[in-house]
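One structure is given here, and the rest of the page talks about it.
All chains are identified by letter, namely A, B and C, in their written order; residue positions are counted from 1 within each chain.
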Amino acid sequence: MSLQKINKKQPLVHCITNYVVANFTANGLLAVGASPVMADAIEEAAEMASKANALLLNMGTLNDRAIQSMKLAGQSANAHQIPVVLDPVGAGATVFRYETAKQLLELLTISIIRCNVGEMAAIAGADWESKGVDSGEGEIDVAETAMQLANKYQCIVVVTGKQDVITDGKRLEYVDGGHVKVTKMTGSGCLLSALCAAVLACGAKPFEDLVLLLNEYKKASANSYASIGTFHTNFLNELESTAGGNQ
Amino acid sequence: MSLQKINKKQPLVHCITNYVVANFTANGLLAVGASPVMADAIEEAAEMASKANALLLNMGTLNDRAIQSMKLAGQSANAHQIPVVLDPVGAGATVFRYETAKQLLELLTISIIRCNVGEMAAIAGADWESKGVDSGEGEIDVAETAMQLANKYQCIVVVTGKQDVITDGKRLEYVDGGHVKVTKMTGSGCLLSALCAAVLACGAKPFEDLVLLLNEYKKASANSYASIGTFHTNFLNELESTAGGNQ
Amino acid sequence: MSLQKINKKQPLVHCITNYVVANFTANGLLAVGASPVMADAIEEAAEMASKANALLLNMGTLNDRAIQSMKLAGQSANAHQIPVVLDPVGAGATVFRYETAKQLLELLTISIIRCNVGEMAAIAGADWESKGVDSGEGEIDVAETAMQLANKYQCIVVVTGKQDVITDGKRLEYVDGGHVKVTKMTGSGCLLSALCAAVLACGAKPFEDLVLLLNEYKKASANSYASIGTFHTNFLNELESTAGGNQ
């Protein structure tokens, strides 16, 4: 029960994320008992990261200031043994995003890359046609590519989609279920990345706990099925109740 | 059925918009089957626009970086025959916004200006007292001013309010209905501008399809009537069902 | 009935706030009949503030541009006798935030400081361990510290938590009630700060009206009790109905 662990530990998760999903990410973390702090100023990125239990770097609405802050926060987190999660949003959409993702992966020790197939394909240099920040289409061996990426960067790779794939380069797990409607709720992947960070801040066994998280997240989306506006409400309700937080 | 056309085509809409409504705009586009991508970095604005099916320029929370990105994205869209929608948020509120709106209209080929009466009055140089980003009050012939603006910039002008007015400088249509409560939901006008961009990405007959969109949007707000929190939920539900997207 | 006064006066509230809660703040102000305008560009901050009925300065996602805009807007508001509310988000979290809060308090005439205990402790230089933007833990005489701060800066200090404390340096009131779940909804404190600004724009008797507002806000959260997703919806519904705005 990964969400329950988060709710018990209540980790402080420093998020440098995009303004599209910042509110949803904060509310999703709060729903399961974590404490989000969004701070992307160059002047405070390193200090804030050093005080957090985990750091999330999300490339959703990238700009030069945010990149500098991500580097400073990431280096600070690395220096303080604080786990870092990278969500390379739209890495396949523009050269700017691709190069930023590569820079962050080269510069920092990343514990988890959480992405969709299109973003993974871009980082891995595979042949793929991304569609903006959506996954897009192409031919690729998802598991094989994920394992290569995990071994190359010595991290856990979580590739989400109709079927999630998670690997640490040796172990490989598939997670099915959920509901496609979750893709109609902006930030559902971004929030999952934030929850991965929260899990790292709690778990003695990251890989096993992340597999549990993916299952809990799939189940939450399946249980939330409704018209899309109602789905948003249901989804936060589901996350909270799965975390045992509705007191 | 404009929203159904969007749901069938699933266009990629590049939005350079404000951080107040970015989440709502993304969720509204997703609700009807479009793919939103928010990207406002100077480094990628032109490339992202060139890959999109339509571009939205929304001045809601303007800053110097965003203006540069809007110009680069707009010129790229023009070069690639990708339609551009301008939402001159608060054009009457400050000199900075007024001058930015004029610059964008002079520099770029804009397909649609979607605004409220106060914003139109400001751009047209009419006597009007705006109230922040709200329409405000004054005496003006809305249809006449809209037609002048449409002819001056060779575009379609959509002026929304209790009664919507749409014109391409020759044809003129009025759309009534809806519910005033939609004005209590921030971003309802901004989302409509984004949907206008999505319609342009689909429609062989922009003017007719936009008239349909305005009717569908009015109907969605009328059908969503409830206390304001519930109204938000209902409105996304309505957009989705109108688009035929609730599977 | 402070929210009813807001709904009657419909003040224009200029918010320089963070991108995490900008949407929720705008929707909360709209729910009670106020007109929010979010504008943080250096080029327009002073002009926008001069046209507003109240100004909110919220440090949630601070950056150097926003600080310059806050100073320009604040000086403009002071020059035009427009009340200014400061929400020193995370003042105890980083040196950057602490120093910014102090700078704003030294430079500007602030009418209200709305904060949590951790933020107050930081500004007052008291011994306290903040947790990101959450209050954190420590030993402090909240009422005593709040009165000192109110006298030092000649303003009203509103410290919210399980029990709210409000003082103008002479008078002191406690407000109990509400529901802890409101702390699981990001921006609940930020929205309250915005409503404090709206009250200042309306009230002949700020202190009394703010005490009423705190009671109405506590009651709204108590009445909204539900799973967290539903709580969000209920809370906006409650604010609207308390303001008498559900027509």
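Definition applied: contacts are C-beta pairs under 8 Å (C-beta built on N, C-alpha and C of every residue); 3 or more make two chains touch, one makes a residue touch a chain.
Not measured: the values here are computed from a predicted model.
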Notebook entry, point to check: If you fit chain B onto chain C using only Cα atoms, how far does it have to rotate, to the nearest 5°?
Noted result: 120
Check: Taking shared residue numbers divided by all residue numbers at the interface, is the value for chain A and chain C over half (same) or under half (different)?
Finding: different
Notebook entry, point to check: Cα centroid separation between chain A and chain C, in whole Å?
Noted result: 31
Margin query: Residues of chain C that contact two or more other chains, please.
Written below: 19, 23, 232-233
Item checked: Footprint of chain B on chain A - complex, ascending -> 18-21, 23-24, 60-64, 90, 93-97, 131-134, 183-187, 227-230, 232-233
Item checked: Touching residues (chain side chain A, partner chain C) in the complex -> 12, 14, 19, 22-23, 26-27, 30-31, 35-44, 47-48, 51-52, 65, 232-237, 240-241, 245-246
